[in-house]
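Pasting in a structure now, in structure tokens, and then I'll have a few things to ask.
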Amino acid sequence: MGEKKRIGILTSGGDCAGLNAVIRAVVHHAMGTYGWEVVGIREATHGLMTRPPQVMEFELDKLDSLLLMGGTILGTTNKGDPFAFPMGDGTLRDRSQEIIDGYHSLGLDALIGIGGDGSLAILRRLAQQGGINLVGIPKTIDNDVGATEVSIGFDTATNIATEALDRLHFTAASHNRVMILEVMGRDAGHIALAAGIAGGADIILIPEIPYQMENVCQKIRQRQEMGKNFCLVMVSEAVRTEVGDQLTELKAAGEDRLGGIGKYLAEQIALKTGAETRVTVLGHIQRGGMPSPVDRLLGSAFGVAAVDLIAQGKYDQMVAWQNRQIVSVPIAEAINTYRSVDPEETLVKTARGLGICLGD
Amino acid sequence: MGEKKRIGILTSGGDCAGLNAVIRAVVHHAMGTYGWEVVGIREATHGLMTRPPQVMEFELDKLDSLLLMGGTILGTTNKGDPFAFPMGDGTLRDRSQEIIDGYHSLGLDALIGIGGDGSLAILRRLAQQGGINLVGIPKTIDNDVGATEVSIGFDTATNIATEALDRLHFTAASHNRVMILEVMGRDAGHIALAAGIAGGADIILIPEIPYQMENVCQKIRQRQEMGKNFCLVMVSEAVRTEVGDQLTELKAAGEDRLGGIGKYLAEQIALKTGAETRVTVLGHIQRGGMPSPVDRLLGSAFGVAAVDLIAQGKYDQMVAWQNRQIVSVPIAEAINTYRSVDPEETLVKTARGLGICLGD
Amino acid sequence: MGEKKRIGILTSGGDCAGLNAVIRAVVHHAMGTYGWEVVGIREATHGLMTRPPQVMEFELDKLDSLLLMGGTILGTTNKGDPFAFPMGDGTLRDRSQEIIDGYHSLGLDALIGIGGDGSLAILRRLAQQGGINLVGIPKTIDNDVGATEVSIGFDTATNIATEALDRLHFTAASHNRVMILEVMGRDAGHIALAAGIAGGADIILIPEIPYQMENVCQKIRQRQEMGKNFCLVMVSEAVRTEVGDQLTELKAAGEDRLGGIGKYLAEQIALKTGAETRVTVLGHIQRGGMPSPVDRLLGSAFGVAAVDLIAQGKYDQMVAWQNRQIVSVPIAEAINTYRSVDPEETLVKTARGLGICLGD
Amino acid sequence: MGEKKRIGILTSGGDCAGLNAVIRAVVHHAMGTYGWEVVGIREATHGLMTRPPQVMEFELDKLDSLLLMGGTILGTTNKGDPFAFPMGDGTLRDRSQEIIDGYHSLGLDALIGIGGDGSLAILRRLAQQGGINLVGIPKTIDNDVGATEVSIGFDTATNIATEALDRLHFTAASHNRVMILEVMGRDAGHIALAAGIAGGADIILIPEIPYQMENVCQKIRQRQEMGKNFCLVMVSEAVRTEVGDQLTELKAAGEDRLGGIGKYLAEQIALKTGAETRVTVLGHIQRGGMPSPVDRLLGSAFGVAAVDLIAQGKYDQMVAWQNRQIVSVPIAEAINTYRSVDPEETLVKTARGLGICLGD
């Protein structure tokens, strides 16, 4: 089995379903198969910045319930870029060396970092600067990490968004209303597109395809002429208004974006079609909840494969899912190929084939 | 089986899960058991106001999927009080006689009206004025109808709100956030109280128990001292701010209430405790979705019992659930005993026993 | 708050959903509100029989995940009646005094026993013989405990059985099959009746209503004549064949009852109607799983109320749910009024009104 | 858009979740986008064998609820191979020409056939013999069709099997039992492997990896030594006993396989380890139920792509999912590359990494 190692694991960026499945798999394989030590680092790089570093011990026989738990038992933070860390007094400071020192003070041979493209880029920079043996695992509900077909968390988030649309369907039909559901996804429309198709949306708006309000209203009128006085509209949070950046001010309210694009659409549609509209902002419900079987499976496979990469001494690599198999790709490749929705991809064609209005 | 009858059925007020189970049961029992005719009236009293009345026919062998469908296949409306109906030009007109005429024009022997306390009060007034043989069935996610332990729709809505809290739990814990979930319920806190307890809320605010912001912040700080930097806050939509009616203006935005009490609490808690807060407004998702087994069962039992009341010639009665049995009560009794949360009731004591902060 | 107490809690008999909600509530209220000590006793009375007694300590701040967990963290057993305990060598011995001694050796002031009618009867006999201050809490998926409208575990089990019927519906219709679902319930048909109605069964057979095979076949043929070549049959595990005890031999196989009444019906129906039949035995899936909101709520309310009974010195009582409130009743009353399905009760009438064949 | 076409669609073989999503997509795209006619053929090739052929008409505005419905509204059958059709009198007859004649009598330009490898092979033979323009769509819960990463129905079936294991987990732990869950999959272990990992099984037995009973018992004892007296065993229906074909007789009971490998394992494990065992045979529940978002999405994408293949005149092709895109492959390729679990594939390695016993 080679020499005994001591490895660290941390979860970085927004939480999602499946992170605990990764942690469970890493601990099982590293401790159980290889006989290594595993150190859980709390709250992402923040746990390495504090002194002493904030860590968690694991016991092989107490991992049972991790498969069922959403979020991450290690915690995570969005406190800021360690290379330009907000100090509270308005200044920014480069605290990267503190993290690197924290890593080495723990006597670690390697680090498994679970994150989206932003977190992986930062972890890679830290690794290169500080001699950290890094293996990356892609996670994000937005599914925008390149080089892997899917990241952890996307399936569960899509399930939740689909279920919300299922629920809105019946109340929309009962009341002859236009129901607007605003979902997460940052700059990529993957959740909106997938859940919109799966949940039977009539209109799906994503950041990658600029829309015209007139096309949206046209679709609603067409349905009215068919005798259907209700309509389901799925919209991704980062969609800009058809007149451009009008929402800047509204969005300044922050991540929750209450009163963002969903509300704007509701008001405009009501104004232009006379329809009764209602908006639901799904929000953080999309992140939480029990992980779907796919996310548990993917997390388990990624965790085992990441440990194997360390055993083989292959660093600066990210595990990825391609064609039903785990492969490894250079982290650089993953973070340099941001994956938004390709207007020519299968799901876009599927949506058009189903007669769904994409706003263009 | 007595003489052959021809009965009407309508669903009135906000939609909820279980309405289609009632319709299915009424059709099965009236047509299948008694051999009567059943006329479905579309969009509540509005279907009787139009000429000719808007109706739906039923076929006994095509009722299969109704158990699984949320909402109401008959449709419903909130277009206004028929005794003071908004005419579009700003005036109000008494259109009650049109509805009564519509009822008689259909040659109906009796009418089953499914509604909450408001709808049942209007239907009863119409019945008394126009000689309509009315039987009522209580439905409302708010569970505020008197004289029955439970109304159709409450169980499903509570399940959905509990599930939302379950989901927020993990993401709250991962990010050390105070998560606020705003749920429906109108002037009664039943959904917030039941789902708050079932979903493990730390703080539950309901309209029936005025809160002090200081108590809320105190609870959050207590948890921080225990090492728990996250907190789940459940709040009912009609909770007023601790300083009174400050939200009047915000709420004027309408039924959706984005930016209502939930948002207010998030801002105040962030300000006073320094905690990172997020708010989710569950909205219309609570109404929709596949009915829970309880709502299907309750709807089926109510539907069968309502038909039996007509067979017995017992009108001006509402079916009700008491001690595992269906009973009938005068509609007047139900609408005169609005049921909000009693501060001495079992669930309030349960919440206190669990250490949940109710804000007082 | 009165004198400080030290209380024990145990879960006895078959596990079900909601037990951990009771444990969580008892610990919260006893430790958090009253400042008492709580001792968890492992594996029911077996934990008091071993030396030293097998116990579990609780920490107030580590109860979070209990609401979501099925089963019981205290464990339970079916090892046998302590008054006639099977010793492994084929003999039976009265070990009641060992349990009583175990209770007193822990210095307990009172004991909360969670069980069905059988377990509560045994616990009460131990309490009377040994001076144990006992408070009972009713739990059983079978819902056959008297004096309470509902016991812990029934709602979740009914949900699972309904969901199974929902799933069988579509595959039955696609293949024109008669699908038979055998569910638990021991001598009471509550699960079969409730889930059968909620899940749209065409035929429901329960132990309380003897059936004639000819009536079952007649219903299947009637549906065929309506053009419906599929049929959903719900049957409770303890239903006897129409010719009496023919299944004795088959059932000797034990609790799992594979090849029990469900299989018998499948064979007979195939023989007599020529229909293609399939049988599913739901089994232990009904016990497990995440508790429903109702079971979490009920468990929480029962737990808090049981602690209050101890605070008031009211022993030999069982908490019960009646008309939306917790009340307390003498344990004797609960165990002397076994509640099977009353052939005149609401749900039976509902089933008949829906045209469901009950076999009689 | 090219010439107007008239196309047929049928679903063949065992039903699964997602078939109705395909039908909906085909109708939307063929009728809505291309303006073609679509004829639904009932009960697979059987609908073409009867005179007149049994067909179903579609209306574009009545497809709403299809996304949510399991099974297939077209029906399906397992009545037998049309090239050697069982005639009821014990003889077999080649009825292929009747089907071909039925196809041509409907004036169809092309046929979309949805099936597993067996059904697709038969449809292809019919197509070649009778000049049918065939496009295939892969569906099977077993996920054993070659040339596509995934077939319709697998995701939903895996979800249901995972959920069942989740539920058994808690009751197993509460009672210190070895729980055995027998799932479908025919000769491939995909469902057992995926759901076993996702649901936290301790032991997974699949047909592709012969097991030794001693290894199974060893794993159970190991866990006992760690203080865990319960164990979750997932077994695929076609696993043979460790001594070979001993189950032949038991399995003769038919497709339901009550008393098959699951029961055998339960008996052997009880005998050899003294553990208390229980077995659950999940059965037809795996086929039914509301389709998962993935199956709705996949079905929609396959349906749209199949219509596009017809528009392009590309026949004898099957749509397939590869690397997040729909591609088309020769049907011959798909049916000639049966895909069972590869003992070197990612999920097998994942299982081993997690310490799961695979019996070898």
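Letters A, B, C and D mark the chains in the order given here, with residues in each chain numbered from 1 onward.
Everything below uses one rule, namely that a residue touches a chain if its C-beta (ideal position, glycine included) is under 8 Å from a C-beta of that chain, and two chains touch if they have at least 3 such contacts.
Just so we're clear, the structure is a prediction, and the values are computed from it rather than from any experiment.
Across the two candidate interfaces, B-D and A-D, the one carrying more C-beta contacts is A-D. Farthest chain from chain C (centres taken as the mean of C-alpha atoms): A. Between chain A and chain B the centroid-to-centroid distance comes to 35 Å (mean Cα coordinates, whole Å). The centroid of the Cα atoms in chain B and the matching centroid in chain D are 41 Å apart. Note: centroid distance chain A to chain D, computed from Cα atoms, is 30 Å.
Contacts with at least two other chains are made by residues 68-69, 166, 169, 290 of chain C.
Within the complex formed with chain A, the residues of chain C that make contact are 65, 68-69, 290. Residues 24-25, 28-29, 32-33, 61, 64, 67-68, 149, 155, 158-159, 162, 166, 169, 173, 194-195, 197-200, 226-228, 292-294, 296-297, 300-301, 303-305, 307-308, 322-326, 345-347, 349-350, 352-355 of chain D are the ones touching chain A in the complex.
Those residues of chain A that touch chain B in the shared complex are 11, 14-15, 17, 19, 69-72, 75-78, 160, 163-164, 166-176, 179, 255-256, 258-259, 263, 266, 278-285, 287-290.
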